[in-house]
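Everything below concerns the one structure shown next.
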Amino acid sequence: MRSAPRGNAATELVKMLIAGGVSVDSLAAAPTIADIRLLARRRLPRMAFDFVDGGADAENTLRANVADLAKVTFDPRSLVDVSTGDLSTTVTGERMPMPLLLGPAGSVRIFGGDGELSAVRAAGKAGLTYTISTASSWSIEEIAAEATGPLWFQLYMWRSPDIVRNLVKRAADVGCTALVVTIDVPVNGKRARDQRNGMSIPPQVTLRNAAGAIRHPAWLASLLRGPAIGFRNLQGIAEGSSAMSHQEYINTELVNLSATWDDIAWLRREWDGPLFVKGVMSLDDAEQAARVGADGIFVSNHGGRQLDSLPSSISVLPRMVDSFGDRLSIIFDGGVRSGGDVLKAKAIGADAAALGRSWVWGAAAAGERGVERVIDIYRSELRETMILLGKTSVDQIDRSVVHFPSEWSGGRAGVRS
Amino acid sequence: MRSAPRGNAATELVKMLIAGGVSVDSLAAAPTIADIRLLARRRLPRMAFDFVDGGADAENTLRANVADLAKVTFDPRSLVDVSTGDLSTTVTGERMPMPLLLGPAGSVRIFGGDGELSAVRAAGKAGLTYTISTASSWSIEEIAAEATGPLWFQLYMWRSPDIVRNLVKRAADVGCTALVVTIDVPVNGKRARDQRNGMSIPPQVTLRNAAGAIRHPAWLASLLRGPAIGFRNLQGIAEGSSAMSHQEYINTELVNLSATWDDIAWLRREWDGPLFVKGVMSLDDAEQAARVGADGIFVSNHGGRQLDSLPSSISVLPRMVDSFGDRLSIIFDGGVRSGGDVLKAKAIGADAAALGRSWVWGAAAAGERGVERVIDIYRSELRETMILLGKTSVDQIDRSVVHFPSEWSGGRAGVRS
Amino acid sequence: MRSAPRGNAATELVKMLIAGGVSVDSLAAAPTIADIRLLARRRLPRMAFDFVDGGADAENTLRANVADLAKVTFDPRSLVDVSTGDLSTTVTGERMPMPLLLGPAGSVRIFGGDGELSAVRAAGKAGLTYTISTASSWSIEEIAAEATGPLWFQLYMWRSPDIVRNLVKRAADVGCTALVVTIDVPVNGKRARDQRNGMSIPPQVTLRNAAGAIRHPAWLASLLRGPAIGFRNLQGIAEGSSAMSHQEYINTELVNLSATWDDIAWLRREWDGPLFVKGVMSLDDAEQAARVGADGIFVSNHGGRQLDSLPSSISVLPRMVDSFGDRLSIIFDGGVRSGGDVLKAKAIGADAAALGRSWVWGAAAAGERGVERVIDIYRSELRETMILLGKTSVDQIDRSVVHFPSEWSGGRAGVRS
Amino acid sequence: MRSAPRGNAATELVKMLIAGGVSVDSLAAAPTIADIRLLARRRLPRMAFDFVDGGADAENTLRANVADLAKVTFDPRSLVDVSTGDLSTTVTGERMPMPLLLGPAGSVRIFGGDGELSAVRAAGKAGLTYTISTASSWSIEEIAAEATGPLWFQLYMWRSPDIVRNLVKRAADVGCTALVVTIDVPVNGKRARDQRNGMSIPPQVTLRNAAGAIRHPAWLASLLRGPAIGFRNLQGIAEGSSAMSHQEYINTELVNLSATWDDIAWLRREWDGPLFVKGVMSLDDAEQAARVGADGIFVSNHGGRQLDSLPSSISVLPRMVDSFGDRLSIIFDGGVRSGGDVLKAKAIGADAAALGRSWVWGAAAAGERGVERVIDIYRSELRETMILLGKTSVDQIDRSVVHFPSEWSGGRAGVRS
């Protein structure tokens, strides 16, 4: 610690300024995921930012996801020897360095740069599992080529068994260890912001959004670099018209309104590894998932992007854990914005949390470095929160360290108990 | 999906702009009823917009209607074969293509254009029931002449049995299938916004609102086209002074503070078809409605326009259904702004929902096309929400798919249980 | 109703403007008490407006008074013959034309004009009881000289029995029918706004508030007209220094920290008529009031101006009524802003409501005419609300027509049940 | 009271202005702690203001501390003889003139002026206990030299027993009567605002915060006066690099992740006087504190600066008092901003409250005079609130005078009862 004699004030100010330095690395200085989101917002035109930021309809569920996580409070223990701390956990036999994985997100190139490739590289460096989305803007193989960590593959149960079988086989071929089948998108949710912004996939520049696009030339140039944005996973196996929008194509060609749990049972036979069912919000669906042999579920309302007025993910987690925690691995997703949020889900009984918007904001803010920063933030928050809770391993974190509203436990439907 | 080689960035931008197109049809691009409302607000001077948007006194009930619907959450089922979906339902023997009807609204010409005529045409195209208001700015016969779908007739129990009998007979003559008698307007509610704006019927331009009127010349011109705005249903049978305002005339000449359930019993004998009592918020009134032989009730607080500090409509619906669902058809009205809201009411046990402000906003925004757009929004939201709930028919939608606050069930009055 | 042929649009607009008229009487056009408040705000410099509008400390209680009244909802009955309606009620044997009285407020000349004289004249015209405040800016006799309706007298239990006896005797001499002794001002509450504004009694113009005073010259002139603002009731019997501020004088010369229920028992012997104890918020104090022979209580937290963090008045009313409704008359005060609020208190079991800020805002807005307008608003809201509740007399209004939060009933202290 | 004849209006205005005076002493005119905070904000650049004002992460706990105190309401008694009032109380045998002490805060010179020296002088004048922080910007001895009232010493259980023993011995040597050992800082909480502002200890001027620093030259000059800001208590016993930031140094050199309750047991043997454990939020930790022989605990979440999403301090106080009130002295800290807040904690069962931000804001606003003003505000608020509650001694204030939410009593963890 300095205690040198002090000089003249003006001189001192200049010295301080020199010592303080002129670093303006806003990414490194961004302390929280909320700050990363703001960096992403600055880089993107509204049509692109809203595409990741927005939710379905009135966005009740989107808000509830975040607001309800804030209602969970901690009951910490102090003066525990926390000189050693183990953030790692095991999910369906797979060791994870943190109770955290990068959940599926598609069309990430829309946010500029390399999209999914940036994220899978950053995940690999951290040893985190990355989930390839069927709807990613790079193919399974292109993403896998950049991966140095574990991969999972997210699957839509599209109309053609051939397409599904093709995707599953390719996922196996590149070494994906688990399959995550999404069940909450029989139709696309209604994203009011996208409609207002004239947003489509591939993005189209219209009078409605041209001004925003032109004000972000770096973003626009990035869109025009590389292959056109679309479903590269379906290239060669499912040909759509170039004029057809993302939503149109999905709604008319791929979605399968007839899919049932029998199809998951069939998938179960096709796939040897761990199988997760993603988008489970009712106890009935969890029961079905267990019945057809799924290894786990994602308790998820699709980040508030599908059916609006679903309850928050965290508010249904206690019942899910109480009813199925012994039979199913449970991945939590919905509103996670901090390491504390991850540990709230873990304490209630989830095995791990999946990130969605968090890593996409990172990619949008600064590509691979952005996703690395996001992972760093989560890692240090997890470590710090675990220490402050008085635990030396995330697997010790259980309900003894949290409080949550009593109405989150109890009855199944109808009147809220 | 395109994967053509990419050209020069500037050329590409121009191409995208051309491909994106220059459509600026704000009606077609309006994704939600909230957007339609904003279009209406742009078209109308404040005095007219507030006339439909506002409620009574401090507008506690107006806000509660919307806020409480957001407290209902869904408990969905996935992986149900929803390839077929049936939105139709039956209310008092009448088949409806959706669990939705256009409820009564009067003086619609105040919002410009053809008023009720636009709406009845749009309803007809969709096969939706349209409810003619006694206070409509066109006569029963004028509206019926434009109708191609079912009609109901809304009736005030005014002082003179002759006037009432005249109205009922005319409604029968034009083929109205059901009668909806409004019981919650013994006096007009106090619409503070209208008083602040100097709003009356017919609208008067005063120093207080002249600026707004002049800034909306299309609206002003539309007012001046066609017949003067007033109660055309009463022309020839009840003559008021031309100088008397709407509210004065109703309060002094028509309202019947002596009306009782005996009058409904009398009306029951006068009318053969289905009879609904509109404006039922207490279990006692529902009991009376059943006693005098009504077929159904509208659970309604008049959109928060009559007695302020009534509870929200949705919060009294569970008790109504539990007590009278087996004896009365129940139409829900109050705060409905989306297909999801309609299905919340349906799930709790209403037979259908009646739209009020929604369709008036549509008419104000773009006349007949505006109401069509409103109906399209509801239809697609109903279909999508039903699919996401895992149901193939709206009639399957019951309490197993919703949660609501426990205090909405239970005791009758006094302390809230 | 007009149906004359329509002329040219521009001509028509001019005709409408002429017909609409150029009235700009903002008082007559003010539909609610909230509007009257805004008129008062426009007329007053901030130091004066805040003196009536503000509350103690963080103003938690001030806000709770209003917010909790909005939590009471109505359970109405329709189709009751309400062609006759009786707003009158009886409190301690005194017939009141409405369940409403003008509660005590002092120093009203600070808000310009005639202060209390305006109010007592307006109350007299309506036959409403006016409560003379000990701290009024006119003497008991000066106010009584203008009164044409019933008078009550509000008393502080000041240090000197001689002063108290003098005041009580004078109140009796001018014909006051009831005595209202205030018990919640052993010291003045801390009005943070007044301290920020440099407000005192008599008001002083300082650098802190001079700008506001100068921008309201009519207000300033009105202050300078007539006698200096001070405690005219104490003139001749208690002489303070002219330099001493209102608060200083009260705190040093008059307040009586030693007052106990024995003093009320003494007062009970001194005064033959009805005796009310004002400022009762605990069941213990109500018990004491009954014990010493009071006829009634004001359930009141002094409008949030004394002890902050008191519960809202309405939230303690149910327990008060349940425990003492059969032994004490109960006047409700705190947050009343509409006829509906009055009927909520009446329904829970209060005998009448006392107005405070409402009538002071009226006086500040437009003197006697302003108070008349306030009374008119309450009268018409009371009448309309009673009709919409399906009652023909305010005395029929009981708990069958209201819901309120269940935690307002039950236990006495400590944990909120 | 003046009743002199009134002169001409303009003359009168000038007279009033002269009489009113031109005092602009904003400190004396600041009525509440919230006003003192605003004065501090005006004096400080954002980086310094946020350092005291901010909390950890999303600041959920910071907000909850204040919001939950507002949920406690009073149940007062009137007409008690309160002519004598005793604010004094006894904590672990030490007489306090008010149930209030200055809790530990470090690095106070960052807010300008003399920092801790100002505060200890002001505390001494009022006879209040001042808690010297290990991290203070003056040494134990330098602070003690200015003290005229009781001193406590706050201790971190740093890695080296020698350093700890050295600090404890010095505290004893200067006459500290109690030891307060902080247990909730095994690592520093994440202060997002500080990271955004580029705030460190000693403060560094960087491009990110230079503008703010330059706009507050008095503050900057004050920083440069006197010794460099750092841990003067560690000078000579623990040498850090001059380039190392506060947080780095603490995290790498001093923090002791291995500390356990055994270390407190050891400390208990080292220190004869009263021993408090600060940062207890769980019943388990309170149990441990009692077990190892602590005399008391600080129920504290470190002002929301350590683990975010801890419950508010006040919401855990009832359970703490119910379980340990008979075995441990309980100091309350977290969100206290008024005398009323202190009495809420006292009523629930705390022995006294410790101030944190309150006195630091005072020091930042006006040095010693600012802290004196803060103490004066608390004293007068305590006195006034006690009178309005009808109590003559703070030690009479118990649960009979408060209500609080029922969920604050009851179960230990997991589901909130």
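Which chain is which? They are A, B, C and D, in the order written, and residues in each are numbered from 1.
Methods note: contacts are C-beta pairs under 8 Å (C-beta built on N, C-alpha and C of every residue); 3 or more make two chains touch, one makes a residue touch a chain.
Being a predicted model, the structure only gives us computed values, none of them experimental.
A.B. asks: Touching both chain C and chain D: give me those chains, sorted by label.
C.D. replies: In this structure, no chain contacts chain D and also chain C.
A.B. asks: Report the chain whose mean Cα position is at the greatest distance from that of chain D.
C.D. replies: Ranked by distance of C-alpha centres from chain D, the top chain is B.
A.B. asks: Angle of the rotation mapping chain A onto its copy chain D, from a C-alpha fit, rounded to a multiple of 5 degrees, please.
C.D. replies: Roughly 90 degrees of rotation.
A.B. asks: If you average the CA atoms of chain A and of chain B, how many Å lie between those two points?
C.D. replies: Spacing between the chain centres: roughly 40 Å.
A.B. asks: Nearest whole angstrom, what separates the Cα centre of chain B from the Cα centre of chain D?
C.D. replies: That pair's centroid distance is 57 Å.
A.B. asks: What pattern do the touching chains form: line, ring, star, complete or other?
C.D. replies: ring
A.B. asks: What residues on chain C touch chain B, complex-wise?
C.D. replies: By the definition above, chain C touches chain B via 1-4, 6, 9, 12-13, 16-17, 19-24, 29, 31-32, 34-35, 70, 72-83, 318, 337-338, 340, 344, 380-381, 384-385, 387-389, 399-406, 408-409.
A.B. asks: Where on chain B is chain C touching in the complex?
C.D. replies: Within the complex, chain B touches chain C at residues 57-58, 60, 183-184, 186-187, 189-190, 192, 195-196, 198, 202, 204-208, 210, 213-214, 220-221, 224-225, 227-228, 230-231, 234-235, 239-240, 242, 249, 257-261, 263-264, 279-282, 284-285, 288, 306-311, 407, 412-417.
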